[in-house]
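Heads up, the next two complexes both have chain A, just with different partners, chain B and then chain C.
What follows is the complex of A and B.
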């Protein structure tokens, strides 16, 4: 009678990424969180400084990054919104970002583009990052012209970044039809950033209410 | 025995010489006819070879050309890992094989190129006749969705700009703040205009026996809205007269376009009241939109707000700043919006009732 024995756990070659199996259960919580945060940060860097291999990084899509950015932007814009509209602004930005990303993705897919829905929503969400940075910067700037320049630059950056990722979707003659809604999406977000008030302007509005 | 097995399985040689192909997910799928049956698609897959006409991607879909012997053919297709998450179905233009709840069904309405859309927009802005005929062969939903959406955003943006210019010139010290309710008011108004007018025109056509295809009507109304984008851009200029003139021009152009394209359907109508009803619906809907434009979004006058008064004041023109220290935000005149809506609805309902009564009495 032969007996067979062996080791189920292959400790020799740990798999890359989240497929480590049993090992990730035993690791400290900090490791788990930091791994996800590092992955998010890696993708954000890809948006800021697009490189040749950036497309492969974004194939590993996740929606935490877009959610984080969306929350940051909604919080920032509702901070300086008029008092009666704080909740409306927060909700609107949230809905515009997620609804807009979904609609742009479905539109590209319907036009015949070959893309994966969640990957595209992930890309669109991450490419909001320049606009989030612009909104943070505009928190301290009250001159409309300077804000206009910053927001315009961020808008261009976002559009170029997302077009870089979505270039190989083979749309042929319909590229303009797919790019236009994307530009509209970033434009409306940029517009909301542009017309939001800075911290310096907050005071005048409250005075206005008391007068 | 093995020979029979080989005949049953029509496998391509897997080409496992490259690392890439070794890592590809080997996905065995049925050929298109059986896939249709299995997926339970409506219409029962008329005719075998309807797959994969539009683009190939990485999933090499099966065609009727594969050497198929016997009933059960399993063809091997390679799907890469990134497409594993969503099974890619080819976006075909065949309605009979796609259920209306799938995304592929709607792909047939987006089968337009950029030049097509541009041509249709120009044909709508400069009405030379024959718009419906030009879109009849390939009605699309791209224009009717994105043009009204553009109008909504254009309204929101230009309304804010016009308001802040107005605030700047009226020399108030307060800042002009935006009103998010304007965005929701704009979307409600524009989308209900497009949906309501198309549904009304289609319903009237069906009622009076001159049926119009719903997609063509939606295309007409959707593309007809393109004129409102440049109009809203031009309405930034701070002149009431200019705004009124612009809105009137847009009203005349869109009404002319609709009338020109809807009238031919009623040429052979048995009941002349049908044409009247349709034309009146067009005029009323366009007038309502024009009024909402002019007075809902671009009615900027300097408002005098007494301190502590938080009711939206009816706009009264005043000269100079006087004793008001606050310039209230341009609040959406909600009373005005509901007033317009109810009056339009009442007028519309009355017109319909009159014409229907007339139709019934004349036909009896």
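What follows is the complex of A and C.
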């Protein structure tokens, strides 16, 4: 891992990449905020509708999108959780997402993946978006079969989206070794969405096991 | 008071580090004085302006930025300690804390670092896919002493406080609060490591 140091005011310093040139030293704060927000939105759209040039967007990684999606999912799943488990569900989803992303990333790096650690975590985090949408939709659906179909579709969408980003040339024959943990990761999250309750089931369903 | 006047009107330059009087000019010329020194009429009636009874916001060159540098970290720590006063739901507390910590991380990384001490750090991916960390420092411009000390103090003090909270959470075997403290530590330490490396390079450059 290389690192460079230099003078901020040195206009001759090579600064390739995402908008972090010398002109951002004195920019107004609102500009910085809007730039970051637009970047997050751009990546979310990229997950929903994968395009050919999606790899370039990846170079400008950020972890705000994954954090936001993680919070949304944790909040949604803890909303309809049984009273005594609300805090546990929230924290567990949070830990599962970040811990799972970390483990899948380490696995991919150990197999010789070319993307950096932060890029991989960024991709995994953003590709949770279809599952978050599915969980929001499942708030209103109590039929387990319909929920199963929706979650399965979202799971497939997440896996396809993340495989599109992580299509590493270095992996070759060992691609399945990298893809399997990723599928497992999304499967676990999809399962948590599947077994969550909808708003219709909230009031009437008493938790007899805890009585 | 009057005994100070001959001293202040002395044309010889003073030894204070933030003052730069040209030796031949009388004290009346305040144009060359840095922003933290009071104008001439105040010097006649008050003690030297670098006294500690002045608020740090008056001595700072960027008081708004300094305020925000301190605000989010202190708010996060206080909310962690006193959340039971506001809400009984852990989820709400966690979300508010995460938001405060994220705002703090973003503010310190993108705004207060470059404005208060002239340092900046980030990560870049080159075209060939290589990952590079970049640390930049602003060797040219002078840095306000108050800005600098408050910046570094707050930068190091907050993770220390969160570490103590973490010990408390672990001793209580509280899973949820431990996760909360771990998130806080990760976000704070990221800035500590980034800015320390900037600073080290600046002083060895």
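The rule is short, and it goes like this: the second predicted complex is superposed on the first by the 172 of 211 C-alpha atoms of A that agree within 3 Å, B and C clash if a C-alpha of one lies under 4 Å from a C-alpha of the other, contacts with A are read in each partner's own complex, and residues count from 1 in each chain.
Going forward, contacts are C-beta pairs under 8 Å (C-beta built on N, C-alpha and C of every residue); 3 or more make two chains touch, one makes a residue touch a chain.
Remember, it's a predicted structure, so these values are computed and weren't measured experimentally.
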Partner chain(s) touched by A:94 [first = chain B, second = chain C, both, neither]: second
First (chain B), second (chain C), both or neither touched by A:116: both
Partner chain in contact with A:86 - chain B first, chain C second, else both or neither: second
Chain B versus chain C as contact partner of A:59, first or second or both or neither: both
Touching partner for A:67 - first (chain B), second (chain C), both, neither: second
A:106 touches, of chain B and chain C: first, second, both or neither? first
Which superposed partner A:50 touches (first chain B, second chain C, both, neither): neither
Intersection of the chain A residues that touch chain B with those that touch chain C: 59, 88, 114, 116, 118-119
Complex contacts: residues of chain A adjacent to chain B: 59, 82, 85, 88-89, 92, 106-107, 109-112, 114, 116-119, 170, 172-177, 180-181, 184, 187-188, 191, 195, 197, 201, 204-205, 208-209, 211
Parts of chain C lying in touch with chain A, wherever the complex brings them together: 89-91, 94-95, 98, 102, 106, 110-111, 114, 118, 120, 122-127, 129-141, 175-176, 179, 197-198, 201-202, 205
Chain A to chain C touching residues, read off their complex: 1-9, 13, 15-18, 20, 25, 29, 32, 36, 58-61, 64, 67, 71, 74-75, 78, 86-88, 90-91, 94-95, 114-116, 118-119
Complex contacts: residues of chain B adjacent to chain A: 54-55, 57, 82-83, 85-86, 88, 91, 103, 106-107, 109-115, 117, 142, 146, 149-150, 153, 156-157, 160, 173-175, 177-181, 183, 307, 325-327, 329
